[in-house]
Structure formats: structure tokens, C-alpha cells
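Given below, in the form of C-alpha cells, are the structures.
Look for subunit A in each of the two complexes below; its partner is subunit B in the first and subunit C in the second.
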Partner chain A sequence: MERGTRSRGAGNDTVLRVENLKTYFDTPEGTVRAVDGVSFAIRRGETLALLGESGCGKSITALSLLQLVPEPAGRIVAGEVWLGDQDVLALSERDMRRVRGRRMATIFQEPQTSLNPVLTVGLQIREALPDVADERAARRRVIELLESVGIPQAPERYDAYPHQLSGGMKQRVMIAMALAAEPELLIADEPTTALDVTTQAQILKLLKELQRQTGTAVLLITHDLGVVAEMADQVAVMYAGQIVEFASRAAFFREPRHPYSQKLFRSLPNRLKRGVSLDVIAGAVPRLDQEFRGCRFLERCDFAWDRCRAEVPRWLEGADKGVRCHLYDPPADRAAREPGSLANAVASEGTARRATPERSRGLLEVKNLKVYFPVQRGLLQRVVDYVRAVDEVSFSVPAGRTLALVGESGSGKTTVGKGILQLIRPTAGEVLFDGQALTRLSERELRPLRRQFQVIFQDPYSSLDPRMQVGEILEEGMRAQRLLGDARARSKRAAELLAQVGLPASARHRYPHEFSGGQRQRISIARALAVEPRLIVCDEPTSALDVSVQAQVLNLLRRLQEELGLTYLFITHNLGVVEYLADEVAVMYRGRIVEQGGAEEVLTRPQHSYTQALLAAVPKIELPAERTALPVSGRDGRA
Partner chain B sequence: MLAYLIRRLLYAVPILLGVNLLTFALFFFVNSPDDMARIQLGVKRVTPEAIAQWKAERGYDKPLVYNDKAAGLQRVTDTIFYRHSLRLFAFDFGRSDEGRDIGYDIRQRMWPSLAIALPTFLVGVLAYVTFALILAFFRGMYLDTVGVVVCVILMSVSALFYVIGGQYLASKLLHLVPISGYGGGVDAFKFIVLPVVIGVVSGIGGNTRLYRTFFLEEIGKDYVRTARAKGLSEARVLFRHVLKNALIPILTGVVVVIPLLFIGSLIMESFFGIPGLGSYTIDAINSQDFAIVRAMVFLGSVLYIVGLILTDFSYTLVDPRVRLS
Partner chain C sequence: MPIQFVFLWTDALIYVLLAVVSVFVVYAVRHEHLRAPWSQVARRPLAMGALVVLLAYVAIGLLDSVHYRERLAKQDQYAAEVKSLLDTLLQPLRTRTERTYSAPFAIHAFTSETVDKPDGTRERAYPRLKYGGAHLATADERAGDIGRRTARALGTAVLVWLLALGVFVYWRRLPGDDYRAAVMRFIRGGERIPWRTIWATTGVLLLVLSCGVYLSPYYHVLGTDQVGIDVLYKSLKSVRTGLVIGTLTTLVMLPFALVFGVAAGYFRGWIDDVIQYTYTTLSSIPGVLLIAAAILSLQVYMATHPESFDNVVVRADTRLLFLCAILGVTSWTSLCRLLRGETLKLRELDYIGAARALGVTSARIMTRHLFPNVMHVVLITVVLDFSGLVLAEAVLSYVGVGVDPSMESWGNMINGARLEMAREPMVWWTLAAAFVFMFGLVLAANLFADAVRDAFDPRLRR
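Take a look at the complex of A and B:
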């Protein structure tokens, strides 16, 4: 780890150069061009962020570099991957093994599953060490590595199993493993996506620090603009298997050029966009099993014109930047295209802020809520202690307003949600819904009341019954609450609900797996709305979704609140969402609320040290000025 | 850890009690002592006196659970339940309806059973895991496809066919080993080989396919990708990373049968004329000797419960997540 950085200087020594990489998958539906002609280069000590949404091919690009594309479906059909002066795609599997781990190491997204659960942490790092003869030297080296990634009591941790470490610690172990052989290139595939924001900040800091020490080049794969802002030197935006824009970080954040990049920024929720609909990227990523005759972003682009339909956009290379868009191609007859249309579209959605509700009494009032879980030990399983998951939590949500409950995983925010819905019976305290103490009601007395408070869960993939058609899912609640007498009326209502959330009525006869994540979350929302609730507990409703889809769901929730006067308890760890949507914020830490108040107040002038730490940990995104949607000056886009 | 084990053992007590009660109900309520006597003595020419005598000889003339003619503690102890069912807990199996000492028989007969079942089990597990690993190694390739097809064919053939076919081939045609029978000492080997081979072969199809799925499931997991990204060889990935994890589901099915090896296999033993507990049970069923059948049902249940406890215990050895929580 003692390699100096000074001697290298900022030379132009390219570590990795990828040329026209193509990775295809053979599926029963045809050949999917997951990676379709990707080229980029990374220099020593530099971080290139490969930014894109799920399914754009960024992870497959990384696996292609390592030649670890899932076989036999996937295959690299063309391209070159030069690591130093070696084309690694030309290497045999045997020689490739000497490249993996030693010259190109990887950190994967999910530290929970990326470590072998039955082997000790030390052993797993030790495996990544190249040729160590002496067992004791190897152990010393592993402990050194553990120390270098900031794991306390490293000698004892050597014999720990992964499950004994926290998520952040596991990711540190992954980093130690990746750095064991001092690789020239480190591929970090969504290294912090599964982590809390404060842990993310630590891990990103560690990565930067280690990179400074070792001069490793980093290929950072992420969907998170915040992480890009924090880490990257260069940014490559990927869309539908291709890189559509390349720029330095500063240039990218100052002025994203590709319409898709611009959309990504515009779909991010934040304080400035309160009360305004977020810009959404309409439609979906095109199927990659087709031949493209025009631009891949065509269907979703606000600027598309005839040429985009007829001609595949070229890669327009500038000095240290590039873009794949006809807008920047000189012969474009851009005169007809008015760049103002995007801004107008946003403005026309209306900027009306919600009217302040007249009622002051909370629709939902939580008083000294406690949820304890017993800890049982010993032969007779006696209760020796309690886990205070929720301890003395009090707040109130006025009707028609949104309270955001913010905190990291394990802080007890989901348990509060369940405690309110009486899905867990609280240990102590009161939950008053419209003045009625839910905590004192029996299961039976609760049932008719349940229609008034509904819930939307985080994971739209597992929260809908896969064996039920969407129509049945929507009607089940109505039937249970005996809302509409006959099946006809229910079915009609289901169609209305689907229309309300922007899905066709024909969706009733389909199964959840036929829908995308965003659509499923719309179904979840429709299901909650089916019984006409007054309060909806939204438990991380967008954290499993891509930013552009998140924008759609947030817009929908906001619109429904305006139309139906719904009250939201919004459980989230995403502060951007809070800024955008919440009227009030309660910050939870270890089962207690450490700070609460108006959203503006708490987020701009945090009082509690934890809130301050939480806000400081959020990567800052300098938003590009909303003014330019297009390079009106026109001169910086030429090839 | 110790507390965990003790707790598991304590859980077994009510289960065994339940098993005992159920066996008792099955053999004495559903099928009354009178019925037993009639079956044993021949249904047609049986007199009430003969039945009474038959029952008295075997102690079946007592009341089932409560003796109101006796005094004090005897009211409970001088009953069929106490004498015939509760004593099973002390492994006191009593006498068979023919008058033989069941305990003695079991002690004698478990050795031939073990001599067949144990090698079948050991060789089998080793063979299935090996074959499954080979198929997993060549997954998606020609060999794997062929292997799976062969497995399905082997699975589809009845175990009886293997027995009869094996006997015909190895004994009748090739004269390698005797068709059936059993001998002590060195002699035992030639009697054991054929049943063991057939036992292993008849299980190959199903088990190899099952273990192969376990391996493939593990191979698809993220930590395997991590191991590969480290530059480990495929063999090392399979043996070090995959095998250890796949052992967890494999153990579930394997450890539980270990105690049951003592009572052998009904089919194999009766076909090969092995004087083990399997053929003992079959014979008892054929001759309607309820005392033996009852004893074997109870013994089987006890061993099964022991097997379940062993399985839980074996998890703690291979899975560190269980070990420490």
C-alpha cells in the first residue's frame, strides 16, 4: 500500500481501454444486445463513473471486462479490452484467471451475499493474495489489509464470519479483498447502493483515500448521481447498451448534453422542485433484441425529430467529451426545434403549492409509542432483555399533509409504521386515528377501520401476490370491507383505480410479473386506494426503483394527495424525496425521534448532531442550471 | 450451544410420548386384543375360551389404561398400556406373540442390517455427491445434458427391477456372488456386495439430480461470482466455496437417515434373505405378530427423532450462522 503517487504524476498512462465492446445474450425471444459497442478509457489514478439505470448494460460491461458474463446465454461477440498492453479478451480462461483479482479486482453491490457465508473473512481475503508462501506472512498481510480498510480489532476479525459483521464492515472486507493483490484497475459495481447513507459516505471516503494511496484506476458503476458527484473524474452515461455521453465531472454537472442525461437531473426530487411535478422519462427502455434504425432514446426524447427516426446518431467526439445525439451533429436542421419546449413543459404542470389544511388536529396522532421485542436466552428461553425497536415515539400528522419519517436501516422507522397500522401490537403508547385509539381496539373492532389506513410497501416485486390477477388484488380489499355490493361494480371500480394510477383497464386480467417495477408500484398504490383510505403509510415506496421511475411514482403520490386529500406517513431514507414531498420531518435514530419539525426547518437548520451527520453524509449534487436544455450557442457540440 | 442441545433433547420427550400413545391407540384400540387372538388362532374355529387363554398368556387380558379392580398404584401399572406400551421407553420390548424375546432378536438382527445399510449409505452419498459435482462442473454442456437424461431414466426404473435384474445378472448368469443369504465373518462379504451395489445404483438417478440442483443453486449465487472475480480456479470455486454451502441442504436429507440404518431396508433384506431387522419386520407383518410390529414402529420413530436432532446438530457444525445464534 506504500506505492507513491507523486512519482507517477498526472501522466497520460491509460490503464484500461475498451474498444467497441459488444456482449449479447441468447434468449428464447432472440438475441439481446445488452452491451452494444461500448468504448472508453481510464487513466491511472482516475475514476470513471459508468452511470445508468437498471438494465442499461453497465454491470454486463463490467462482467465482460472480467470475462465473467453468465454462460452459456451470454457471449462477448466483438471488441477489445486493453489492460495495459494486453488485450484481455484474447486471453485463455487460464491466463484470464491471473488477471482477475490481481490486475482487475471487483467490489460488488450486495455485501450481504457477495461474501461466502461459511468461510471466515480472513480466509476469503487470503484467497485473493497472490502467491504467498508462508502462512504466517499471509495472515499478517490480511490483517494489514483489514486495518487499511478501517476495520477495528483486525486480528480478531480474521476469524469472523461475514454474518458477524455489519453491512458497511462487509463492504470494507470486500474492498480489502479487492485490493489484496494491488490491482491496476478496481471495478466498483454499485459499491454503496445497499448501504445506509452515512455508511455510504464512509465507504466512498475510504475508496477515495485508498485510490490516492495506490493510484488504482477505478471504474465506478452506479445509478446514483450523488455518488458520481462525489467520486468521479469522468462520467460516461449509458443508455440501452450504449454510451450516450462522456464528459468530465465538472462539465457533466455544469451542462449535461444528452437529452437523457438532462432528464436524469430533472427527475431527481429535491427542495427546489417542491409543489411541481417532477420531469419524468416517459415510456420505457426499448427492447434490446431489435435492430435500431434510429436513436435508442427516440421514444422518450422531447427533442426527437425526423432525423432521429431515420438515422442512428453518431458518436460525436470532442476534446475529452463526447455525445451520441443528432442535436449536436452540425448538419442538423435544428432551426425548427425550439429548445424552450422542455422548460415550458415543466412550467405548465403548475407551480401551485398545496393549500395549508384548515384542520389543526392531527388525523394521526402517535403518543409515546413503544415497540419492544423480547430477547430470550437459556434453556427455558426466559426473557432476559428487550430490544427497544421503538421507544417513546410521538408525532402527529394533520389531515392532507405528509410527514416523512427519516432514518437509517434499523432505526425503527418501519416498525413505527407497523405499530401504527396495528400489524404489530405496540408494547405501550397510543395511536390515535381521527381521535380513536387504535391501540385499544380488538382485532375485530379494527377490521372495519382498516379501510381508512392503508400501506404501500417498499418492494413491488414481493408485495403483490404472484398468483393473483391485478383485478383480484384490487378487488380483494373492497370485498373484505364489503364496499361495493356486486362484482360488476367492483370490477368497474378496479378499472377506475387503474386509470387513476395511469394503467390501462386491461391490466386487470394480467398477473403482477407482467409489469415493470414502476408499474407494480402503481398497482400497489391502486390497491391501497381501492378501499378509499384517508391515511397511507408509504414504506420506502420508491427505493427499489430507478430515478426516472421514482419520479413517476412521486408525481402520482403528489397528484393523488391533491385530488383526494390523502394524508401520508412517508417512511424513507432518501432525503431528496423528503425535501421534495414532505411537509414535516421526523428523524429517527435507534428507535427514538431525535428531531422533528417543518421539512424546510429541519433540512436547512438541523439541530441534532445526528441529523447534521445524516445531512452531511448525503452526496451533494450541484444541479446544472435549469436554464439550458440545449447548447443554444451551438459551438461546443461539434465532432 | 449445550443449552441448545439440551433443549432439543427435551423437545423430543413430548414427541416420543405422543408417538407412544399413537402406537398404543393404533394397536390396541383400533385393533383390539380380541381381534389379534382371532387372527392368530384362525378365524373360523375359535372358542371364547381359547381367546381368553391366548390373551392371558400374553398379558392382553388386562384393562387397557385403567385397572379398577386393582389397588393403589397397581390401578395404573397393571394395565396393557403400562406393561406393553410404556415399557418401550426403557427399550423393554417384551415378548413377541410367538413368545420370543423381541429385545434379544433386535440385538441379534441389527448387525446384518447395519452390514448392508451402512456401506450402502456411505458409498451412496460419496457417489451421488461426486456425480452431482461432475455434472455441475460441466453444467450447460453436452455431458451435463446426457447425465441428467440418464439420471431421469435411472429414476424411472423401479427399485425392484434393480434387485431382480441384479440378481439375475450377477448370480444367475455370471455366478459372481450368491443370489441371497447371509454368513458371518469373512464370508459375509460375498453376501453383502450385491445388495450394496444395487442399493447404491437404485438411488443414483434421484439423488444425483437432487444434489446437482443444490450445487447449481449455489453456483448462481453472488459469492461465487466474487470467488471467480478473485481469479480462483473452477475446481477451487467448486470445492472450497460451492461444496461447503451445498452441504447444508444435502445434510438435511442425509443425516436424518443415519440412525435408521440400524433397522435396515425392508425390501433389500427380504429379497436377499438377510436376517436383519428389515426382514424381521416383514416377517412379523406376514405372520400378524403385532408385538414385533409395534416394537419396530416405536423403534423406527425413536430413531427418526434422533436423526432429526442429529440433523439440527450437524447444522451447527457446517453453518456458522446457526452455530452462534
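Take a look at the complex of A and C:
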């Protein structure tokens, strides 16, 4: 059996050593090998990032360490987990309870649901404290903890309820809880995914600071290369239940070795890739309920050759790094490699330049838009105040261009989108579409106009009616707008639309739940295109997707803009996407636009202090130089 | 024409309901999102056993829902009496009435009477029943006779069951499978649909049915009531009443609850206010009071307009229908509230927003998007409410504002049993019969409802 990183973990300062961990799930369809032979080790004071896309088994790995795998479906079938000198998997549930939260603590992704809403935060942290007899001492210790995670006015916050705190504050409380027992290992499962960029920066900084003070080892589970770049000392890339690459952060960012890691980097949108198709990882993660004969990445790899099909790649170990790929087999083994595939890989990087449409007057003009929500109090529901969700927002989007509306959650950017679409009636201000004031029209007058401006939503799971077939979903708009008279023409058009977004025509007769997130987002795009709109409001269309799938959707949106001359209002918080796609940028903060201008200008020379803070908070990824992946023979690290 | 069909109001509504259910079945088979949870229900052995029992009840109820009048032999007119198919099937039970109470399987009356002896003297004695065990010479033969008949009944039942099962296994054998293998496969089980459970339940029902067929012509299996009517007959006739109350009430309330609930949740604003005030007001009136008032006013109406209600069956039927309606009106509020909440949640989902952005009309959004997506709530509520309504009928009849006293119903049986329980020695069989029949129906309905809820409730999904 492969021995992973055993040599590395030999030292005395090793906090956690995982050997060949296997966690399987029994489902009606067969046994799913969610974690299939994972080995790694973490030293004291070190951060290991477990990087991977959704469904690769990284969270199940964490749950296996804690023996919290959902039963009875899941079971740990093999492997060892050593926490210091203790074999964790050998412990009974009773003894395990003394390990969880004491020696191994966890921070989860969603601070909103991880705290009990009916207990004060102080009490919840108090529960996590290991036996403190004296009530006053306990309180003092909790307040200390709250202060150490940077919560101001800690003594008052002791008696606060979770809903009185912001998302970032809640995550700080979670960290305080996790650290209460001074654990040897902190497992952070996507600790900042639910947070805004600026909050994320603060939390990451805090974690680092605390780690420096306490020497806790951190297992960081994330899908975000940016977070890895900020936090990690070591990086382990997971794919389909296995670790495919292991390296120090510096080495990983300088030169990712596994084709999958390389692809991850190349599918990240940024400014340098403007006008160029992003590299996508074709296909999907293979089903894990099968026995693998060859490489798991085979189907999606540009370098795959016969050997990858026939033989499971071994774990190739080097000094402080390792990779699981036939490309790095010792030279004698890889004589049979075909030379042609590399050329394909290079050719797949498209070089189409963006056709810049001529500047024209604003197709969409928003003037002093205000959306207020009344705050009602008392018996008679009197309006005592307004929440100014959108306040005096003005901008204009020229036809055929993309305006990115950037802001953090709660900044009102989604409300602006709904206000423009007249899904929420604005309180004041004007929305002019092609010169026509939408705000003054009644719902009946609006209906025929609606075909010209469409929307794509963020969540691919709630944006399609689960009770309708894809064909019906696509035809609904045509029917509502009376575009095509007879059923056959509509059905034909639906098939065309599916082809346009890269889905087979047979998808018409299937239900949304049969599709993956990225495919669902394509269906949403096809639904919007069905009525031949001129403007599409894209409300965070890629933020729920994995990086590689995000690249596919962004490529599609870019291609459609070129082909159909669409105008996009792109609402997002992801500055990488903005750099890649937007012509112009408007930055929103607390319901107002604080800065506006050409994308290049705003992103390189921000004027407003908030824009500067926002840009500074984005984790910096030093991208590896765009080079081909062919390993140079004789490189160190090969066995 | 030897017979003339009579369509009572509740009959018509039952046919409508049957048609609706059939259409729904066809629709569900074609739509994957409905087929999947139903096939999950079909995989649960307990649920399928319960379904077999339910279907047996429904079969009795349907037989009792085909009403007609027979042509009188001599005259050129039809009999005034309205009979159902079930009445005709149970003709011996229906007509063989004793003078008064008799215990199950008794051959002597329950109460002593003064009998004139042939020699002119009078004596207090327990006389022989007119029908119950009339074929026996002495009481000593009774045990043997019952034993023989039961054995014959069981034998017939097992034979019929094995025959049917044999045909079934033959029909379902795989191509290239010999018969032996097919039988083994059936015995081993492990198929998606729990056929073994279904056949076991059917077998038990067959045994019960066969015993009834063999014994009830000669004995009063469940005894007789105060006026000598066979209790088994009364219990079987009550099945229809229970089913009608359980299902038609739902049919009455469903349109209100669905339309008002979804409209309130979707439109919000003043529509929401009006609907909320309406159901809050309605649900704060004590239900029993409202029902009592409505039923009493109906009685007054029927008394003042005797010409509209030409016979006792029509009268009883009108009252039953009215009871369903009034129960429906008082019980739609809870489903309406549930649906409003569910719609409030759904209307914020992006696919509703997308539909609005496409210019889809509100009516269409409600019918195309909202109704199908709240259907699981409706279905769960309907199956869970069913047993509650059957029990509610019993309670209301007991209080005296339920179905017509002339109508056979479990509630009326229990109401009558109130006095019988106080007798010495106790007359227990009416109450016991009502209890057993009602318990069978309600238990089967609850088990089935549980499986339906598990399959449809999104929170319980894997």
C-alpha cells in the first residue's frame, strides 16, 4: 500500500498523522468510496490546507478524524488516525467525546447555524471550557477568549444572543469556542466561505495570529486558492477521494505539478485572461461508486495516455512533496507516452480576442434609484423608519457592454438588480430601458417589455422549478410572451437553446435535479435567452459553483455576448470575475455607489477608501507562470 | 327494466372522487417527481399491508354506493325502498332480524320472555332465536357445527388463496424461468414491491371473509342489537359512512384551502389580510357549536319541506352531505394556514422571480409553479386528516349532531352502546364491533399516511 507522507510525520512535533484513511458510504446505488486512502501529517504550529472542489471528500475526511461520519450509511473501513500518541479511531464514542472539542476542535462553514440561537454566546463558550469549577473564573476566562478573538466590549457581549452579532462576529465566537479548550488541532472547514471578503481577511488574520500565539496545528479545508495562499504552510490537493498532490505552499504556487492543480490555476478568472477563454476542466468528477482501473482524473486530463487508463497512478514521494500522476513516473516507466497530447493541451487555450462593440448610449439608465423597506412597529404597524437598501443609485450601461456591480453582502446590489427588473418596485428614482421609464409602467404594461431584460440568479438549486421538466421551463417564457405559436416550434427552439448553452436536446425531458450545479446554471441562461433579451442581469451567477465550473459558465456568458451582442449587468463580489469580464465597474457600499468607472481604472487606481479596502482584502494569489506542464526530467522530488 | 338506479348526492361525489383519483394516478405515473415518492411508499411492507386493508374497506364502501330500486313483481312501478349492491349481497343478514338482543353465535335470546307452553302453562325462558342457529336441534350441537363450518371456511380460503397466488407467480415469472424457480424467487422475497406482505395480508382478509360467508347465514356472528338487526350487517354498512366523511370532507375543503392559502401567501398585502382575518375568525368559533347549529337548522328545513325529501335514505344522505360540508368549512383553516406559510417561503425562491421576470401572469404562476410545489403538503394533510375525520364522525354522532339516526354509522352504534353498557349482564358486542371495524380502518389509514408523509416530506429526504 502506498505510504503517503509517513516519512514527514516521523518527528516528535507531529500533532496529527493520518494513514491510509478510507471512509465508504453504503447507498442504494452501491458503495461510494468518499475517502479512499488518504494519508497526511500536520506538525505543531503548522497549517495544512486540504484543497479541493465540492464532492472530493475533504469534509468527509475531517468528519472521519472526529469520528462524526453520518451513520449508519457511512463507515470508516480502514486507516489510522494518530493524535499525538493516541490512535483516535480505536477510541470508543465515550472516550471520543473527551477528544472532540478538547484536543481536536472544529470551526464550521456556517456561523449562522453553528450557534444555538436561544443561548447567549457567553454560555455557549462556557460550555466548551474544560472543567472550571468557579463560576466567576469561568466568566473571566470566556471574556478573555472573546477579547482574544477581537470582539470589542467583550464583557457586554457575554450576554448577547447570536442574532445580535454579525456574521463575522459569529465566526469569531465560533473560533473562541474552538480555542476554549486549547486544542492541539483545529479543524477549520471552509471557515470563511460564508463571509465577505473584508471579513474573511480579518478572520484569516486572526486565525494566523492565534496560531502563532498558541502553536495549534490547523487543518484548513477549503476550495479557495486565495485562502490557501494566505494561510497554508502545506497544501494537499484532493480529487475524487484521494490526495493527488502534496507540496509546501511556495512550491505549490510556484509550480503546481498535478494536471488537476494546474487546471485549477488556469480556470481562475483574472485580468490577464481578459478576452481569452478560460481553461475549463471538461466533464465532471467521476462517480465514486466504482472500482478505478486507472487514474481518477483520466477523463478530464489533457495529458492522459494509455498508461493512465490501464494503471492506477502511484503516490510518488519526494522531499516534502508528492504527486499522484503517471507524468512523474521514473523515466524508464514512461517511455510509451504519446507525444501528441501536449500539443492538444496548448491548443485548447483559445486566443479569441474580444470584439469590442462600439460605444453607444446607455441601453439601461438608472437615475437616483431608491428602494426603501419600511420598518413597522407597534400594534398598528406604524412605519417608524425605513431601511435604505438602495439609496440614490445612478449608473448607465451601454448596449453590448458589461457593467459589474461590486459589493459585499448587504450592500444592496441584489436589490438594485430586482429594482431594475421591477421585481421590487423602487421607492423613488427612474429606471430607463432603451429610453422607456419602466418605473412608471403598470404590471400589465410591463409584461410585453419583460422579454427584453432577463435575469440569471445565484443559486442554481432554487432558480429552477423542481416540478417542471427542462423543456417546460424553457418554453414558459416563450409562451408567456407569445413568441412562437405552436408547440412544435417552441420545442424546436428549446432544443436550439440547449445546444447554444452546450447541453444535449434530450435534456428537455428531464427534471432539474438530474443536473449538476453548472448544468443548472446553463439551463437558467437558456431560459433567459429563450425570449431573446437585450439585457441580462446576472446576479452572482457563478458564486455557488466550483472554480472549474465557474470557468465554463463565464466562458459561455462571454461567448453569448459576442454572438448576440448582449448587455450584462453583472452583480458580484468576486473581483477576479470582475477583472475578467467587466468593462465598467460600480462599487456599492451600504446602498450607495461609492466609486464608478472603467474596470481597469477602478481596479488598479481605486480612489475611494472602501474600494481600496476591498481590493486589499482580496487574497493575493501569485499565479504560477503560464507554462506547460511537462515535467523536466531530473527534477528533484521524483523517486 | 328490472331496476332503476338512484344517484344520491354522496354517490355522485364519490364517483367524482374516484375519477379524480384515477386521473391523479395516471398523472403521477407520467411525472417523475410524483412517481418517485410513490414508489418509495410502495416499497414499504407495512404501508402496502395497510393499503390492502384500506382497499378492502374501499371495496365495501363502493359496493354500498351503487343504489337502486327494484321493480315490484306485479305492479308497474318501482319499490319505494332504495337498496345498494351491498344490501343485495348481504340480503340474508339484512332480512334475518331477531326480536331483540342476542349475543354473538347465540342460539337463544339474550333476554328471558314469557313463553306459552303447548300444555297451556306459561314460563319465563330464553326462547330459541328465529334465525340464529335455527338449523340446530339442540344447543349441544353448536360447538361442533361452528367448528366444522370454520374448518370448511378456512379450507376454501386457503385453496382460493393458493390458486390466486399460483396464477400471480406464473404471470410474474421471468422469461426463461421455470415455475419452480419463480416460486422460490417469490418465497425468498427481496423484490422492490413487498409482494409477500401484500399476499399475506390478502390471505388474512380472505380467511376473515370466508369465515363470514360460511358462518353468517347460520349465526349472528357479532350478535344482534336492540331491535334484532345483525350487528355485522350494521358494521359493514357503517364503512361507507366513515369513508364518505373521511374523504368528501376533504374534497369540500380542498379548493378553499388551496386557493385561499396560496393566494394569501403569494399576493400578500390586503388579500392576505382578508384571508387571514377570515380564517382566524372561523377557527375561533367552537367547531362543535357551529356544526350543531348547522345540523339543527337543516333538520328544521327538512321538517318544513318534506316534499323535497321523499324517502328516508335521501334524508339521511342529505344530512351526511351537509355534515361533510360543515366539517369541511370548519377544518379548512389549518391546511390553509399551512399552505400560506409554504407559499410565503416559495414565493421568495428564484424560480418564481424568474417566472415573473419572464412576464408570466400571476394566475399561471399559481397554477404552474405554486400548486405543484405545495402538493406534498396537501397530500400529507389529506391522508393524516382522514382518520381524524372518521373519529370526529363518531364523536359528533355520539353527541347527537352527527349523521342521521336512521343511518348506519359507527358513531350511532357507539351512541346506542352507551345504554347497553349499563345493562346487567352487559351487552358489549355492538361497541366491540364498532370499535374493531373503526380501529381497523383508522390504523390502516394511519400506517399508510405515515409512509406517505415520509416519502413526500422534503425534510425527511435523504
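Here is the rule we use: the second predicted complex is superposed on the first by the 597 of 639 C-alpha atoms of A that agree within 3 Å, B and C clash if a C-alpha of one lies under 4 Å from a C-alpha of the other, contacts with A are read in each partner's own complex, and residues count from 1 in each chain.
Basically, contacts are C-beta pairs under 8 Å (C-beta built on N, C-alpha and C of every residue); 3 or more make two chains touch, one makes a residue touch a chain.
For clarity, every value in this text was computed on a predicted model and none was experimentally measured.
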Clash or fit, subunit B versus subunit C on superposed subunit A: clash
First, second, both or neither for A:D459, with subunit B first and subunit C second: second
Partner chain in contact with A:C56 - subunit B first, subunit C second, else both or neither: neither
Contacts of A:L560 with subunit B and subunit C, given as first, second, both or neither: neither
Touched partner set for A:V531, first subunit B, second subunit C, both or neither: second
Contacts of A:E127 with subunit B and subunit C, given as first, second, both or neither: first
Intersection of subunit A interface sets (partners subunit B, subunit C): none
Complex contact set, residues of subunit B against subunit A: 3, 6-7, 140, 221-223, 225-233, 240-241, 244-245, 248, 318-321, 324
Subunit C to subunit A touching residues, read off their complex: 31-33, 349-351, 353-361, 364, 368-369, 372-373
Subunit C partner contacts - residues on subunit A that touch it in the complex: 418, 421, 423, 446-448, 450-451, 453-455, 457-459, 462-468, 476-477, 480-481, 511, 524, 527-528, 531
Subunit A - residues contacting subunit B, complex: 66, 68, 71-72, 97-102, 105-106, 108, 110, 113-119, 127-128, 161, 163-164, 174, 177, 378-379, 381
